[in-house]
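Chain lettering (A, B, C, D, E and F) follows the sequence in which the chains are written, and residue indices restart at 1 in each chain.
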């Protein structure tokens, strides 16, 4: 099972990174989402896999899976959600402002002009 | 003492939601509270610094859970210093933003800045690796908001890049933390230090990966080559006060490297052998080079400032990468200098840009040109590391500390030669910006004003004078840093000693606040 | 007077002229002069002690850790230079008062000048080589300002930058050299270093230090091949040229060579490098000077030449050489400053410095004529003027110097140098003052007021006095200084004019006669000179700097071309390389954990995950489709979390994913629906390789971790053991989140809150730009179906929303003991409200929404923070939780916990953040003309025939 | 608006929510009833603006009967459709669109009808007409579309008319 | 009692499994997109329904009390499935409107999803007053 | 005994069903069909979770099942609304 799990994480990472290397904002955001799936599963798996041992204390049950990585993943999911929301919004606004959703900048040496 | 430690984090964390809830529509009130908050913060951090000067490592156990099971905040000399820097910088930035009107060019400047302060302070104070990640994210997301404050197409696109790059960095951070937890089973930094020292020699590979990933994450934040690519576009496109406050952001990366790679993966720790020392110094030297070269190559004031920032952090990283107490002491001195000098440079650059536009080569006289020229001169001297300002002292300290390093020739050559490039670049920029406007042959810049009018750019003719106050304040700090180099350096040496005696930290954290 | 005060006075004084300029030019100049005079007096007060062989010191520690301290000392050499600097400075200040015109900002000028003066005084009084470097670089900086003083002149700006570049480069070399020197000697204290000749000269690093230090000296003192900046610095106002470029700054290099003479001189390396450079510079400068038509250029190259001469003398490494050098420094300062001032007067009066346009000024400007002639003759080495004396001493010394076994090389070249020197000196007199009066001067000249000529006149008096009575006027001084240079007491002959018929006299004679001949032949020679092709230093320098700038810009812009794809690729490859390095240099033990058996259902899940992920890549150009596939990935991940004992994660993952998809769909509405195929095959191949490598790396890493046990006990055992006891909850994950690691959660909700307000702020910013109008007039890029708010959806939502809120409440309250918690509850509540937004539209729903989302976020964070602060009243740290049980009569007991209050904060922050973000995004689509009066478009029970009619 | 309607805008919803709470808690206790009831009052109060009107439901008995009919039909239809999917050739299926004229007027009633049609396998309600007087239904296999229309009207709509209007 | 419970549970499990499978099989087998839309109804109603009933019986037999969680899930599914189907059908008609031959919408103008008047976003302010 | 066979049978059925849904998601032509398949997969996943609950004799999956039932609907509606009107909240 570990092999399947690890390979799934590998595939998610690979696909995420491939999309991150694209030239439009949207696939890059998709790639970041995939990458965050990968890292969440990764972080989760550092507690080692176990089946049927959720970390909810029950009378008479002795073995529980490692709860800490789960808590960390929860935090990570939330944070990456916030980050995704922000980058989606910035990307959309950049697209609306410039009518161009390429992620590369043509003239990085040109400065920003204030619209506001 | 005890509860004071958490205040630098909690105070801004209370202020920001207060702004959002109660005085969202009252900029004046926000300004008042923002300044008051930062002033109080300064008082608190100075008190904490005063406390930390004694050499005691204070620990604050959040939720009353003992380390390593709960999260702790740790106040030692270094973290105290860093929060003092943060709050002082924040004061200058807040005042500049208010007086220059930058805070009114978009929404929520003040709450975002408070959150940013909170994130930065938390990153400096925390004694828990995952909590560090959380605070990194707090400061990053606040920085995303601040970076695109005011909007505009180019700035937004630069923002997309900034966020995307940092999201990759954050992901890497999680990979690193996962690896470290997966091996050592702990996240507390002091506990990790104990475990990293005890890890069996035949089982080091995974922890080494974790360590090096961590180093890379921090290198991204510190803008070490080749992980610096996020910086030029974002710093040069960020609003000036924000860019000025970002001066502390690269320091978060530098701080983290200094902390983690003295405490957990210290130069003596077997598991960390060859991880940081082997490549970081070269990367740092390349950073210096690219930064200074960029300074000479920039056609715009903001971009030039961004690159000289890279050069400055590069110098800092050279010192850090040596991982000796002397070099780290030099690094700490240079860090203080670099924070204020970079901020000052960005604010001065903003004054220039506000009055005459960003392009270095255009000829347009500006209001208050003489004072700004003097300030630019001061900032440039500081950034380029010319005497007599602290940049020079810092550079001397770094060079002197590198004397025993195997790559001393390389380090000296790169640092000195790139200084020259920076001097030439800054002199060129300064003379074009401030002197060329008076060129007798150019009709005193009329052509460019026409162009400007065509482009619809309006430059203020009655620029406010109050923004000069924080800039002079920063300059005064730099001068004080120069004059009191001795005491400051004494503190830096004490701090470095504390860093290289990690047992103090470990004992304080693991034995609890009572010990 | 304390040396501190002497060194500080000019710096402090620099403030006065800048401030006093409003009080008038005289006040300004007087302030500058007074400060200088005061400092000069301070030096002179100490003079008797120094002349008696004493050393005046003053010490304050500045940065003792580094060894950089404010240690000053004044011995003969220091005093000599300080007097020179302050004395000539005073004269220059007087001169400049009359020289500068009304348009020139005089306050700035004096401020810069005093800064420079202070820096120079600092150099010569420093007893610490790092301090010396500080002042050294300060002279570069202040001279940059002074040269560029006339900012309207391009020549001034360029000259300033050139000077700064060259002397700055030298300064950096000097820093290196001083650091090496200090590290050899183990101290940066100058007087301590001066005692360590053997140690230093035997060090393997001696040559390094020597070369680096000499680079500093040579650039500053305009020695070949760094001489070219000096003539370009002549774009500065003449007082600056006279001060910096004849009397003081260019002598800093000489000073330093003299200062370090005891430890650096005396070796072959010293001799060959220094004396040869000096000689070449001397000859070259003299030759070029002869052919310069600009008065100041002539003087500049003559200065180069004379600096070469002094360098040559210092390079000899002998006592007599040192004596001659010191003497010539004094003499050159007097006659050259006078000459510069004369040139300035001529320029000032005739409005030209072009020798070819001058001539015949003797009768028009008699005073100037006298001054300039005496100074020129001294420069030419004509007895009985002081220039003659030192030049004789030089020639005498040269005449018995062997260079690489050659007895004639030095004497011959020195004579040639002297000869050209005489020639250009004569030319200065002949072509400017002699000859017929012309009628085509740009301005009718006459002698200036006394204010302008008093300074050069005073200097010329010195020229004569020293020439006539060398021993009486300067004997003691020169010897004391030479002692200081040598670092030991020497045995000297008294200074005198007549030494008898020596080889030097012959050489002098040849030089004078030859000089006259050269002057006679000037016209044909000049033609030849002009016709001779030779490298133009400025062109080369500009070319170099231009190339440097272009190269820098090229490197920078190529490297930072805005292609984030490349940035990211570099990032990832770098991480992979270093990760691989860290792995291969470590050791990994064998697998220690048995693997779980593969079961069918998770295998199907694996298949679904991998297939969907690969499909996302394959179909990523169809953006909607890739979002649907992300939905698949999310579902499978949720199921996997369930399977692997992580119910909380499953809940979170799913609810986050739904919100994310809603968000992305909202954004996608305005964006292109497809991604064009843009990247080349090569790039795609590269990307695939990078991605696969990263995938393998990450997969391999986690596999290695999963198949091995923890190296140490994990801290989560504590969490499991204390969750109920200490945290009052059975759901350990939730207890970790709200209690053990509540601080993380506190940060996390802040992240979420910030995300929302950032999104809000962007919307605000965007809606104030032209984008708003574009959005209002936007034509949808795909056909739009009718019936925006279907009846069925609205009705179902009316039931689903309250039920979902109920579920949210349940998830919230049970979260401490069962899967759930404030965060998930918040998301579910938010989704319930989103459902309402989707059903009846933004306008209708928002009009019925009375809580400001900002406030909800803020209250969430505040509730969490205040809950955390509440612990203080118990004397406990931030976020310490408390819980207990309440037993109401007739009912079962139930648990209360402050953690629940904290969780409430989380709940509120999440609800507020999600809704604020979505509301902000929705505002892009909002149109004031969209009907928001009805919750549904079609409603047959409405009496209007059931339908909302829209038209354009 | 009466005071009662003000605090109990949807009394039936309050009951439903209390039941939902009990179902969530999955264990009967008076604590749960009281807490569920409090939430059941609070939540409709909060969302009152989003449900401005209040559907009238006449007879709970009829509701129960209706539910019984629907569950029975679901069983029957499931078997029928399973047979069609498994054993009929694809080209033998005769899918059909039908337009069901509606006498029902209240949105809640229409929704219930449409949901019923969808939940019984073999038919899916697809759309309303532009003024809401007809329901578009797709049948998986309907050789006689009119019979299906009639069945819908007889079995469901007439019952719903009694319940809702 | 336990025996009967197990058997009942098993029966409902088998029934649920079969109908769930048939539903997804239909999704593959049926060629007409509109016909495919019928498939999930099976999975939803009798497929999951069967399993839920099985679970209900099982928990009653095993734990001795009625677990009503399953009813709640059923409630959600029965509430949401029709709306999902409606939207998917609408989307289908919208995207393939030219291919489908729809019956007459009675005395109304057209089917709502094809109503061009409501597909525009702008409405006439003056036409209607407030209702509800 | 019979119960566990029935459970395995049901697992197999729904597992197979999920695989078929996946197949449909991957091979379908339009987005609409894929959303339909995804929605079916959500429903089948619910069944699998309930089965797992029966097998493990636990109620720990209940919350997840419920949330999936609730939220699968939201995302399906969102996709469909996007296809219909582009704007999912208007």
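By definition in this document, a residue touches a chain if its C-beta (ideal position, glycine included) is under 8 Å from a C-beta of that chain, and two chains touch if they have at least 3 such contacts.
Nothing here was measured: the structure is a model prediction, and the numbers come from that model.
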Just to be sure I understand: going only through chains that touch, what's the smallest number of steps from subunit C to subunit F? 1
Chain labels contacting subunit A and also subunit B: C
Starting from the defined contact criterion, work out which chains touch subunit C and subunit E both, please. D, F
Compare the CA centroid of subunit C with every other chain's and tell me the farthest one. D
Between the pairs D-E and A-C, the one where more C-beta pairs touch: A-C
Distance between the CA centroids of subunit A and subunit E (whole Å) is 32
Distance from the mean Cα position of subunit D to that of subunit C, given in whole angstrom: 73
Centroid from C-alpha atoms only, then distance subunit B to subunit C, rounded to Å. What do you get? 15
Could you tell me the distance, in whole angstrom, between the mean C-alpha positions of subunit E and subunit F? 12
Multi-partner residues of subunit A (each touching 2 or more other chains): 20, 25, 28, 38, 40, 42, 45-46, 52, 54, 56, 68-69, 72, 75, 79, 82-83, 86, 90-91, 93, 97, 103, 105, 108-109, 115-116
Tell me, which residues of subunit F touch at least two other chains? 11-12, 18, 35, 59-60, 62, 66, 70, 72-73, 77, 81, 83-84, 90
For subunit E, which residues are shared contacts with two or more other chains? 18, 25, 37, 39, 44, 67, 69, 72, 75-76, 79-83, 86-87, 90-92, 94, 110, 112-113, 115, 117-118, 121, 132
Sort out for me which residues of subunit F touch subunit A in the complex. 56, 58, 60
Would you tell me which residues of subunit E are touching subunit D in their complex? 18-19, 22, 25-26, 29-32, 34-35, 37-39, 41-42, 44-46, 49, 65, 67-69, 71-72, 75, 78-79, 81-83, 85-86, 89-90, 92-93, 100-113, 115, 117-118, 132
For the complex, give me every residue of subunit F touching subunit E. 2-3, 5-7, 9-14, 16-18, 20-21, 23-24, 30, 32-33, 35-37, 39-40, 43-44, 46-47, 50-51, 53-54, 57, 59, 62, 65-66, 69-70, 72-73, 76-77, 80-81, 83-84, 90
Parts of subunit A lying in touch with subunit C, wherever the complex brings them together: 1-15, 17-30, 33-34, 37-38, 40-42, 44-58, 64-75, 77-79, 81-86, 88-93, 95-97, 101, 103-109, 115-116
Partner subunit E, residues of subunit C touching it in the complex: 783-788, 790, 792-793, 796, 799-800, 803, 927, 929-931, 933-935, 937-938, 942-944, 947-952
